[in-house]
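Each of the next two complexes has subunit A plus one other chain: subunit B in the first, subunit C in the second.
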Partner chain A sequence: MKERFQRFIHQFGLPRLIILSFFLALLVSAYFLKLPLNSLVSDTLVRTGMNGVLVLAMVPGIHSGIGLNFGLPLGIVCGLLGGLVSIEMNLIGINGFIIAILVSLPIAAVIGYLYGLMLNRVKGSEMLVATYVGFSAVSLMNIAWLLLPFHSPEIKWPIGDGLRTTITLTGKYDKLLNNFLDFKIFGVMVPTGLLLFFLAMCLLMFLFLRTRTGVMMSAAGINPKFAAATGIQVDRARIIGTMLSTILGAVGIIVYSQSYGFFQLYQAPMMMGFAAVAAILIGGASSHKATLMHVIIGTFLFQGLLTVSLPVANKIVTEGNLSEIARIIVQNGIILYSLTKVSNGGD
Partner chain B sequence: MTDQNKPLLEDVKTSVIRKPTLNLKQIAFDNIVTIIFVVICFFGLILAKQPAAFVMNELVLRIARNSFLVLSLIIPVLAGMGLNFGIVIGAMAGQIALIAVTHWQITGMKGFLLAALISVPFALLFGWLTGKILNKTKGQEMITSMILGFFAMGLYQFLFLFLIGTLIPMDNPVLVLSGGVGIKNTIDLKDGILYALDGIYKTRFFPALAGFSVITAVFSLFKVFRVRKDEIERVRLPKYLMYTVLSLTGIVFSVVVLNSKSLVAMIKFPVATIFSILMLCAFNLFIVRTKLGQDFRTVGQDMHVAKVSGINVDRVRIISIMISTVLAAWGQLIFLQNIGTLNTYGSHEQVGMFAVASILIGGASVNKATIGQAILGTTLFHLMFIISPFAGKNLFGNAQIGEYFRVFVAYGVIGLSLGLHAWKTQIQAKRKQLGEE
Partner chain C sequence: MSEPYVLSMQDIQKDYFGNKVLKGVTINARAGEVHALLGENGAGKSTLMNILFGMPVIHSTGGYGGKIMIDGKEVQIKSPKDAMEHGIGMVHQEFMLIPGFTVTENIKLNREILKSNVVSALFGKSMKTLDRKAMNADARQAIDTLGVDINERQGVSGMPVGYMQFIEIAREIDKKNVRLLVFDEPTAVLTESEADTLLAAMRRICEAGIAILFITHRLEEVMAIARDITILRDGEQVAALEAAHTNVMEIAAMMVGREIEAMHSENRDVTKTPEILMEIKDFKVQMPGEQVKGVSLEVHKGEILGLGGLAGQGKIGIANGIMGLYPSTGTVLFKGEALPSSQPEVILKKGIAFVSEDRRGVGLLLDSSIEDNIVISSMHIHKRYIKKYGPVTQKNTGEIRDHANRMIKDLDIRCTGPEQPSRRLSGGNQQKVCIARALTLNPEILFVSEPTRGIDIGAKKLVLDTLIKLNRDHGMTIVMTSSELAELRSICDRIAIVTEGKIEGVLAPNDSDANFGLMMSGDYGKVIEKGEAIR
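Moving on, here comes the complex of A and B:
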C-alpha cells in the first residue's frame, strides 16, 4: 500500500499534489466563507481560456529542444504591435480581432526566426539567455512605444508623447470571444468562444505535432544527436519550434487582451513568460517533455489557484495582497523545483 | 640539471614572446561588450552636455555606493558558479537587519555596525540554503539563482507584510502600517543610519587620487624592474606595465584637474566607504592565496578533477555562495546608508541585475571576473546611468527615453554577454570534438 502510494506520488509529482490540495483547500474554505462559488468557477474558466494560448506557446519550444521559452515576451510584444495596428485602422468586432492576429503573425514569424537563429548559438544556456532577451525586448519596446507614429486618439496620450500604458478595447473587440455562444449553467458563466478558441489552438498543435515537420521537430528535441544521425536538420527544427512559440505568444496576448479588455504596454509583458512557464510546469511538463494535457491541466490549476486565492485571502487578511505573494511563491517555486529536476535527470 | 631545465625555460620564453603578438581582432571580440559601452558612454557624454563637475561628482558618489555589491560577485565566479544573481537574497538579509536596527532606534555608526553584524547570521543561513539548491542544479546555477531571487522576494514580502504584527510582535507606529500588520512601503533613514559610513570623513577626491596613483606607480615600477629580470615571472610584465601606465595617467590627470581651478577639482569623496571597498578588494586578493581560494579555483576549473583530488566540491561551492551572500548584505547596507530611504519591497529588486550588468560591462564573463573589471564596469555602467536621461532629452526631447534606454542596456548587456559566452563555449566544444576525431 505504502509503496503504491509512493509510486503514485512519484508519478503525479509532489509539487502538483501540493498545489492540487492547496487548490481544493481554497475551494473548501471559499465555500465556508460563503463566497460565491459559481462566479469563482466562471472566473477560473475565463482566466484559463485567457492564458491558455500563452501557455500553449511553451509546447513547440519544449518539443523542439529549446526548453522552456522564457523569451515569450518577444512574441507578446509582436502581438501587441498587431493589436495596435488593428485599433489604428479603427476596426471593430471580429474584423479587428482577425486583422490584429494577421498583422502580428508575419512580425512574430520574422522575430521568431531571428530569435531561433540566436538560440541555436547558445545551446545549453537557452533559458538564461532567453530570459534576458525577453527582458531587453520589452525594454526596447518601451522606447518604441514612446516613438511609434500612431495617431489614433485611443492609442496616444491626449497630451505629451508616446502611447498610453493601457489601451481600452471597449467598443472594439472587448470580450469578443468570451461572449461568443456563452451560456449559463448552475449560475456558472461559460465563455464558450474563448474556450473553443483555446481548444482549437490545442487541436491545431496536436495535428501539427503529427505532421512530418512536427515529428521531425520532436525527434530533434528528444535526442539531437540521434536526430542528426538520421538526417534531421536539428537547427532547422529548433528554429521552427521557436518561431511557432513566438507566433503563439503573439496570438496568445491578443486573446488575453480581448478577454481582459485592455492592451497593456510598457512593463506589463515583462513577467508574463514566467507565469506561462509556471503554468505548464504545474500541469506536469518538464523542460524536455510536454503534452497538450499538461497545458490544459496546468493552466486550469494555476489560474484557478490565483482566482480563488484572491477573495479567500482578502476574507482572511484584509490588508495587503496575500494572493499576489502566493502567486510569486507558487510560480517561482515550481520553476525552481523543475530546475532541480533537470540536472538530476540530466546526467 | 641545468641541461634539463634549459628547454623548459626556452618553452616559457617562447610562449612569453608569442603572447605579446597582439591579435587585435581576438582582443576586440573578447572585449566587445566593454568596447560597445565605451562608445555608448562617449557619445552619451557629448549628447548630454552636462558640466564635468556634475558628472564626476555623481560618478564618484555612485562608485562608492555600488562597488561593494559588484565586488561581492567575484568569489562565486572563481568557484565556477557563474554570476550570482542570488545576491538579491543577501541584500534582503541586509534589509532585515536594517529594519531591526531602525526599530530599536540605534542610529549612526553604531546602528550601521550593528546592522552589519545582525545581517551576518541571516546571510550565512540564506547563503547556505542557496548553495544547497545550486548544488542540485549544477550547470544551471545562474538561472536558478535568478529564479531563487524571485522566489525569495515572495517569502520576504510574506515576512514583512503578514508576519510582522501577527506572529512577530512589533509595536512601532513609525515602521508598521496603520492597521498594525506589515511594514510600511518606505522607511526614512534620515534619523537612522543615513551617511553613517559616508559621513565619517570626506576629503577632496583629486589630491587623494594623485596620492594613490603615486603609490601604485612606485609599486608597479618596482615590480616591473623586478619581474623583468626573472625569466618565468616575465609573464606578468604586461600586467604591471599596464598598472604603471594607468597610475601615471592618474597622476597626470589629477594634476591637470587640480591646476585647472574648475569646480571638478573640489569634488569630495567618502573616505571610509572607499576604504571599505579597498578592504574588500584586498580580501578578494587575499582569499585567492589561501587554501580555500585555491580550492575555489580548482572547483571552478574542473569539478571532476577537484573531486578526484580530494576536495569536497559541494562544500566549497556552498562556502563561496555564503561569502558572496554576506558581502552582498553588507554591500546593500552601504548602498542604503548613502541613499537614505529604504524601499522595503523594492530596494533589493534590481540589485542582482545591476551588479551583474556592471561586472559584465567591465569585461567579466561567466568564468572569469577580476577586481579591475568590477570597478571599470561599475564606472562605465553608472556613467551611462547618469548621462542617459540628459542624452535622451537632448536627442529626442524626452528624458523618459533615456531612462528606458538605460534599462534596456542593462538587460541587453546581460543577454549579449551571456549569449556570447555560450556561443564561445559552443565553438570551443566543437573545435575540441573535431580535434579529437
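Moving on, here comes the complex of A and C:
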C-alpha cells in the first residue's frame, strides 16, 4: 500500500499534489464561506478552455529546443490583428471567428519564421531574449495600434485617431465556442465547445508530434548533436517549432478573446506569456520536456487556483478592494514558484 | 648503484575502486639526469604523476601503496603544496600564464621580490612595492639558463606557443629549491626546431643538478636525451632500461607489445587486387583536439579497416569529418563519386553510416525509448517506418516495434523491452543500440568509433563479435577507429596508424610490435630514413 502510494506520488509529482491539495482546500473553504461553488467551478472550466491554447503554444517551442517561449506576445499581437480584420469586415458568428484565425495564420507564420531566425542566433539564451522580444513587440504594436488604417467605428475611438483599448465582440462572435453545445450539470455550466476546441488542438499537436517532421523536430530539441549526426537540420527544426508556437499564440488569443468578450490591445498582451509559462511548468513540464498532459493539468490547476483564491481572499479580508492585490500576489507567486522549476521540471 | 637518488618511487600501487591501475611501479631519478617515462594512453603515467604531486583525486580514492623517497628519506606528499615544498616542479601541458602580464611578472607570480618604502614603513608589509630590477634580473637568469632569446619585459599575450612553454619552464627553475622537474609531453605543441631548443635547455637544467622526469611518446627525443627509461603498460612496469643499452625499436615493441587474442579465424586473402570502395585524398578536418592534417587512404570493399594511434593525434577526426560533422577540406570519393563536406544528410543517404565515439552525447537520445533510437535515422533519411496519408505522415508504431524486437534479438540487447529508455541500459547495450540504428540504415560502409570505450570486458567481446559477424555474413565494409591497438589487431584486416593528423603507415594485424610502436610514436619514418629498417 505504502509502496503504491509512493509510486503514485512519484508519477503525479509532489508539487502538483501540493497545488492540487491547496486547490481542494480553497474549494472547501469556499463552501464554508458560502460562496457559490457551482459558478466557481464553471469559471474554472471556462478559464481552462480559454487559456488552454495559449499554454499549448509552449509545447512546440519546448520540443524544438528553444525552451519556454516567453515571446508569446509576438503571436498574440498577430492574433489580435486577425481579429481586428474580421471586425473591420463586419463578419459575425462562426464566419468572423474563422476569418479571424485564417487572417492571423499567415501573419503569425511569417513573424514566427523571422523570430525563429533570430532565436537561432542567440542559442543558449533564448528565454531571456524571448522575454524582451515579447515586451518590444507589445511596445511596437502600441505605436501600430495608433496608426493602423482601420475604419470600423467599433474599432476606432469615436474622437481622434487610433484604436480603442478594448474592442467588444458583442454581436460578433462573443462566447461563440463557450455556448456551443453547452449544458448545465449540478448547477455547473460546462462550456462544451470551448473545451472541445482546446482538446481538438491538443489532438492536432499530438498527431503532429508523431509525424516525421514532428519526430525530427523533437530529436533536434532533445539532443542537437545527435540530430546533426542524423542529418537533421537543427536550425530548421527550431524555426518550425517557433513558427508553430507563434501560430498557436495567435489562435490562442482569438479563442481567449471570444470567451472574454473583448479584444484587448496595447499593454494587455504584455504578461500573457508569463501566465502560459507558469501554467505549463505547474503542469510538470521543464524547459526541455513537455507533454500534452502537462498542458491540460497545468492549465486547469493554474486557472483553478486563480479563480477560486480571489473570492475566498475577498471573503476572508473584507476591508477595501482586495481582489486586485490578491490576484497579483497569487498569480506572480505561482509564476515565481514555477520559474524555479524551469530547468528540472515540476517533479 | 649506490649514488643517492633525488627521487625514488618504490613499488607504487594504486587502485580505483578495485580496478588496479598501477601494479608496483618503481622509478629512480638521479640528480642531473633525464629519466624518461614512456607508455601508451592509459598506461598509468598520469596516475603516477598525480601520486607524486599529492593530487586530491588520489587521496579521496583511498591513497596509494608503496613509498616515495626524496634524497633517501621517505616523505608523505599529501597535497600539491607539499610537493612544491619538497622541490618538485611541473611543467604543464596547458600553459598557465596570465596573458596581460610581462614575462617577468609571470615568472615571479606570487613570489615577487619586495622592497620597503615610506608608506610600508608606516602601514606594514602589504604596502611594500615590487623590486622590479631584482625581479627582472632573476627572470633573465632563468631564461638564460634555458638558452632562449626572450625579452623578460615583453607581455606574454601574442607570443608564439613555443615561447610560452619556455616561460613556463623558466618559472619552475626560478624556484630556488627545485630538485626535480616533471615535463609532461612538453614537445607535443612545439615545432621541430623549438623542440630541439627545448632538449638543449633540458640538458642545461640537468647541468645545474636538477633531475628531470620526461614524459613523452617521441622516442627519438628520449634516445637523444634520457639516461634511464621506464616503460609502463597497463599499469605495469614493463622495463627499466638504460638508454645506452637499447634502441628505438626495442622500446617501441615494449610499449605496445601485448598478447593478441586471436578472434580472427580466417585471415582474408588480402593479396588479390581489392575493389576500392572509398578513396580519401589529402583530407583535413577541423575537429578541436583531433585535428586531421592531410590524410590519404583507401578503403577496400568488404574489409575491416582499423584506424589506430594515440589520443589527440586525429584518428577520431577522420570519421567525424567524412560524416560531415566537422568542417573538412580535401576529397572523399565513395564509389567514384565525390562526397560533399558538412552535409551529414547527403552522406547518410549515400549508404554511409556512423557510430559515434561520444555514445551518450552524440550517439543516443537518452530519454527516448530503444525503439525510437533504433529507427529515427532511417525515418529521417529513408522515410521508412512511417505511414503516409497524403501529405501527412504518422509514425508506424507496429512496424517500428517489429523491427526493434528483431534488432534486440539479433544483437542480443539486454533490456526490459523496446520501450525502455536507452539511459537505463548498460554501456555495452547502449553501444548495441547505436549499432542497431546504424544497421537500420542498411549502410554499405560503417564507421565505428571507439566501440568499446567505457564498457566491460565481456560486453567488449560481444560488440566486436557483432562487428565481425556483420562483416563476414553481410559483407559490410567496416572502418573501426579505436585507441586500443590490441582490439584493432584482433579483428581488422588492415590497420592504419594516425600520428599528428596524418597516416603514418598501414600495417597488417600480425606485423611486429616494434612497427606498431614506432608508428604510434611517429618515429617510423625517421627510422626508415636512417636505414635501420625492420621486419
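Following the convention adopted for this analysis, the second predicted complex is superposed on the first by the 302 of 347 C-alpha atoms of A that agree within 3 Å, B and C clash if a C-alpha of one lies under 4 Å from a C-alpha of the other, contacts with A are read in each partner's own complex, and residues count from 1 in each chain.
Definition applied: contacts are C-beta pairs under 8 Å (C-beta built on N, C-alpha and C of every residue); 3 or more make two chains touch, one makes a residue touch a chain.
Everything quoted here is computed from the prediction, not taken from an experiment.
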Subunit B versus subunit C as contact partner of A:Gly231, first or second or both or neither: second
Per-residue touch tally on subunit A - higher for subunit B or for subunit C: B
Subunit B versus subunit C as contact partner of A:Val215, first or second or both or neither: second
Contacts of A:Gly162 with subunit B and subunit C, given as first, second, both or neither: first
Subunit B versus subunit C as contact partner of A:Asn223, first or second or both or neither: second
Subunit B versus subunit C as contact partner of A:Leu207, first or second or both or neither: second
Contacts of A:Glu3 with subunit B and subunit C, given as first, second, both or neither: neither
Contact footprint of subunit B on subunit A as seen in their complex: 118, 121-125, 127-129, 131-133, 135-136, 139-140, 142-143, 146-147, 161-162, 274, 317-322, 325-326, 328-329, 331-333, 335-336, 339-340, 342-344, 346
Subunit B residues touching subunit A - in the complex, by the definition given at the top: 133, 136-140, 142-144, 146-148, 150-151, 153-155, 157-158, 161-162, 177, 179, 181-182, 396-398, 400-401, 404-405, 407-408, 411-412, 414-415, 418-419, 421-423, 425-426
Subunit A to subunit C touching residues, read off their complex: 207, 210-213, 215-216, 219, 222-223, 225-226, 228-233, 289
In the complex, subunit C residues that touch subunit A: 323, 325, 343-349, 354, 356, 358, 361-368, 372, 376-377, 379-381, 383, 386, 392-395
